[in-house]
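Could you have a look at this structure, given as structure tokens, before my questions?
By written order: A, B and C. Residues from 1 in each chain.
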Amino acid sequence: MIHLFLTSWRNFLRNLRRYWVLLLALILVTAVLTSVLAVFGGMRTGINEKASRYFAGDLVVFGYTGHNKSIVEHPQEVLEAVDEVHEQGIGIKAISKRSIYYKAARIDLFYAGYWTRQRRLLGAEWALERPMLENLSFTAGGVPEDGDESAAMISRTTADQLKIEVGDTMLVSIWSDKERVNTTEVVIRGIFEEPSFFGFATYLHRKTLNRLREVPEHQINELGVYLEKPLHQQQKAARLLAQEMDKRLPTIGVLDREAYRAAPFKKREVREYGVTTLSAQLDELNDLLQVLTIISVVIMIMFLGITVVGVSNTFTMIVWERTREIGTLRALGLQKGGVILSFLFEALFLGIGGVVFGILFGVVILFLVQMLVELPPNFVSTLFFSQGRLQWVLAGRDLVLIASVVIGASILGSVRATIRAGRKRPVEALSKNT
Amino acid sequence: MRPTTFHLFNRAFLPAAVFVLLVSPAWAEGSIDGLFNEPDTESVDDAEGEEDTVDVGELTTAPLEVSGSVSAGIGAGLGLIEWPGSAAAGSRTAADLVRPSGFYSISSAVSVDARPEPYLRFYANVSTSLDEGVMDFPAPEVKELFIDYTLADTVFFRAGKQGLAWGQGRLLANPANLVSRVSDGVAFRTTVPAGPGTLGGVIYSIEDWVNRYAAIDPRAFGFAGQWEATLGPLSLAAMGHYHVDEPVDAAAGVSFGLGEVNVAVDGAYHIDQGDPISSASSWEALGQLFWEDEGRNWSILTEYWFDSSVADRQGHQAGIGIRMPDLWSDWRPAVSWKHAFQDHSGEVIAGIGGSIAPDLTMSIGLPVIYGKPGTFYRDALTETVTDENADEEEQRLTPVDNVVTLLLAIRLNFSL
Amino acid sequence: MNEYKQLLRTMVLVLLVLGAAAPAAMGDNEFSREESRRILEQVDRLVTFGERDFSAEYTVSDVRPGQGTSRTKLTLFRRDRADTYTIIVMEPERDRGKGYLRIGDKLLLYDPVPRRFTSINASDRFQSTNMRNSDFNKSTLSEDYRITGHSQEELGVYTTDVYELEAITEDATFPKMKIWIDEDNLVRKSEDYSQSGRHMRTIAIPDYEKIEDRYVPVRMVIQDELRGRTIDGQFKHERTLIKVEKPSFQELPDMVFTRAYIERVSK
């Protein structure tokens, strides 16, 4: 067997000139697969990390009357319900009470003549959300002191644009809820690395934001719950919370994506409360990722089909060209199975060669793109890239997947031709004029 | 109300002040209150002075202007005539399927534009380009030649060879463009303000019709009319086209803004006048969504087009075009994808281009065509070659268009 | 595509100039609520040339310290009663021949290269520029503001009445304003403040031109109080300089407000 393996290896090397086009194709396919999977992996990891902080928690409670804005007028009742959920075995990491300002073109930040815009202002209570906010990767400063109403946290991109540092005073200008310009000064206490869709958000103290918005200081727009096991318990926890809230308040249950979109605009006689999960809020992004995944799968299948057919054709040609060689081997006593195995080994080497060089090539491409291509900040580049640069994650299972797909395709493609090679009779094979 | 002592001074001072304003650091940098250290020289009663107003006519008057342009380009392409491994490629390897190509072009155009009076304009554009077959420049062709006349600042006429486009389609097709052939012939066009919109009429003729009927025969002419108006948020248009030998065309379009997205819908109906038994009448509809970010960096255009003349109601097509921001300098990538559901053929084009030196631009494109030969997006097999590598000699038809091509072109554009 | 932003910004400014003309006749230092309203009503009346056509040439220079200056020149034809205007771009050279036609909510952009009109949503576009949306609206000072304070101040060669205004409706963009009125009852300067009292913007109008019984501001400086750069240890504000030439209420032919006219003007 080992002998056969070595012979096949020698044959493979000797026939390399026949294989090179196919090998190049396999390298290309592997490089493309590697790049696609790595880029999608990077996107997914990045987005999930950032989302929960941005959306106030894994579960969020809204209160609507039909005027678009959510207000949680009965936080005490909601908190009691959260306690009940906790009693029923759902691990809860932290609670958030947030004020939200979301008018993309109406948020201006100024410092020393420099100016930039934000997508969202998040009014948080430092003390409540400290455990979660501390997970932000700070490049300077950190989460402000409990109760520090003059403090703000901004992303590093924002800080770079404003040329501002921790300790400096920044001016925030918005169109308040009364549709007029209002401003406030805040001191930068933390600068965090969140260069994405979620990075165009500035954290203020909830009371400060409410004053800026000209709404009651204690108003809460969203009450969020961070779970210990968000991925496993999110749906169950949402259901339980809705049930518990229903015992205390007018409730509209767990809002899925559609309901979450429609809820703010439906006219209601009293304020009604609903719970939504992070994944429902993230649905649009999830959809996008799903589309990307489908595209990547389609690309993969397409490439795979091309590879299998290509390998099959090439092997047919190779087997045909090497008929006399097969005849000689058979005449020297090599069995039918041995011939088949010998060609299958060659296909294996071809696959392995393609995988090794292809992954290397793919990684080099990824590195080069990451190093050389810098996109200006815009919606897509900030959502999917890190500081305008490609970010990619190549998980072990991705490598295994790529290797098995490419090697599998190579072997699968060679099967028909190798079986045909095995069937050749020595005498006939030797008499073939090539 | 105000003393006029500055009047004469003002007339003389004004041009100088204009210059000072635009360059003076005092305006650009000095203190705001410092701007009031000199009294106002402008707020004077102009009633007795000569009226200095924008001359509406002047904007449409200009001395004779002759301009020319020359453009030369070279390019190379490397493409595959079939996908390696596909049934059409058979046993041919990738190397067999590669088809290199090269091209070059030189063209030149001269235009003359004269606007002697506000109501009169003459414009002509002639151009010629290298004929590679004979390696010579054919006699210049008149691309445009027309005279404009505006009657009483209200009715506009344009007569001559001219380009004209109606309808809103940009990517797949433009069914409401009932006047697409105007540029092939000579036309007389007029527009008149009508109610809340504008009414336009075109009478034109093309070579084919003139060959069929006498040049003065009304049957040698096509007639088209259009009314367009903007009512509140809606832009509306209705148009029609008539020629004696063709179906009567009627079309209408509407467009409006929906948030940041511009929505446009066009419909066209072609009523066959010939044989009443066979229902040759057909209709087309085009829906379009267009979004652009505020800086016009990103733009996304999607279109859906239905053509009832395709059998079995299969004539659906969809397309999307995306333009991305400049990657560096003025290099801007763009990608478009068009797909015909009727035969599942399509075309994906990715490209990027920009300047590499003054007057010199480079573009790189990667067009991919898919679908069986002879489908909507793919030409039929026409080129016959003998494949010498095959087992037995066989005649093989190879496609004229590549399934994928990497194109690189450099172009010099110069105009004065 | 910065030129495009620049162009839009310029257009906004041009329209802004029309909305900042002169108030007239002031009383004494004391103002009852009614007097305050009467004065501001007069301002509103004077700044609206509603029933007349307006045309002028504008040169707008954006001065961004440390970042350069850009200049745009254009011709404007405006007819408020029909809610329409036409703008023809004269400079910079690369945009020459471009035209804008606004009809109601629609803004059509004509690009002379493909000879094609593109429809863009006017309200959205203008919101996304740096200017305030309210700059477009007709002056409604008397409805939106009341006078809360008055003093006298020397402003260069002018002795001015300074009025402090406070918004009385939620429609006013700036909750607080200060205006300087000279002896001839023309607004020479105004300052816009946020609700919390932050000085956001200053507008200076050193020169007016009188046409018939109205005054048209022909030179303006708009200073952004929050944006700028420190150069050589000194803070320099971003400024926009506007020069208006050939302002006129001459009657314009209807043709000017049609697509065909823009096509005719363009090459």
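Please note the rule applied: a residue touches a chain if its C-beta (ideal position, glycine included) is under 8 Å from a C-beta of that chain, and two chains touch if they have at least 3 such contacts.
Remember, it's a predicted structure, so these values are computed and weren't measured experimentally.
> Pick out whichever of the two, A-C or A-B, is joined by more C-beta pairs in contact.
A-C is joined by more C-beta pairs in contact.
> Need the central chain here, defined by C-alpha centroid distance to the all-chain C-alpha centroid.
Of all chains shown, the one whose C-alpha centre lies nearest the global C-alpha mean is B.
> Cα centroid separation between chain B and chain C, in whole Å?
35
> Averaging over Cα atoms per chain, report the distance between chain A and chain B in Å.
So the centre of chain A lies 40 Å away from the centre of chain B.
> What whole-Å value do you get for the distance between chain A and chain C if each is reduced to the mean of its CA atoms?
Here the centre of chain C sits 46 Å away from the centre of chain A.
> So which stretches of chain C touch two or more other chains?
Residues 65, 128, 236 of chain C touch two or more partner chains.
> Tell me, which residues of chain B touch at least two other chains?
Expected reply: 297.
> At least two partner chains per residue is the criterion; list those residues in chain A.
Where chain A is concerned, no single residue meets two or more other chains.
> Spell out the residues on chain C that touch chain B in their complex, using ranges where they run on.
1-2, 4-5, 24, 55-57, 59, 61, 63, 65, 69, 71, 75, 77, 88, 103-106, 108, 115-116, 119-121, 124-125, 128-129, 155-158, 184, 186, 188-189, 202, 204, 206-213, 215, 218-219, 221, 223, 236, 239, 241, 243, 245-248, 250, 252-256, 258-260, 264-265, 267
> Write out the stretch or stretches of chain B touching chain C in their complex.
Residues in contact with chain C: 1-2, 18, 21-22, 27-29, 32-47, 51-54, 56, 59-60, 113, 121, 148, 150, 153-154, 156, 163, 165, 191, 193, 198, 228, 230-233, 235, 255, 257, 259-260, 262, 292, 294-297.
> Which residues of chain C touch chain A in their complex?
Against chain A, the touching part of chain C is residues 65, 127-128, 167, 170-175, 192, 194-196, 198, 200, 226-230, 235-238.
> Can you tell me which positions in chain A touch chain C when the two form their complex?
Touching chain C: residues 105, 108, 110, 112-115, 171, 173, 175-176, 178-184, 214 of chain A.
> Can you tell me which positions in chain B touch chain A when the two form their complex?
Contact set of chain B toward chain A: 83-86, 90-91, 93-95, 293, 297-298, 325-327.
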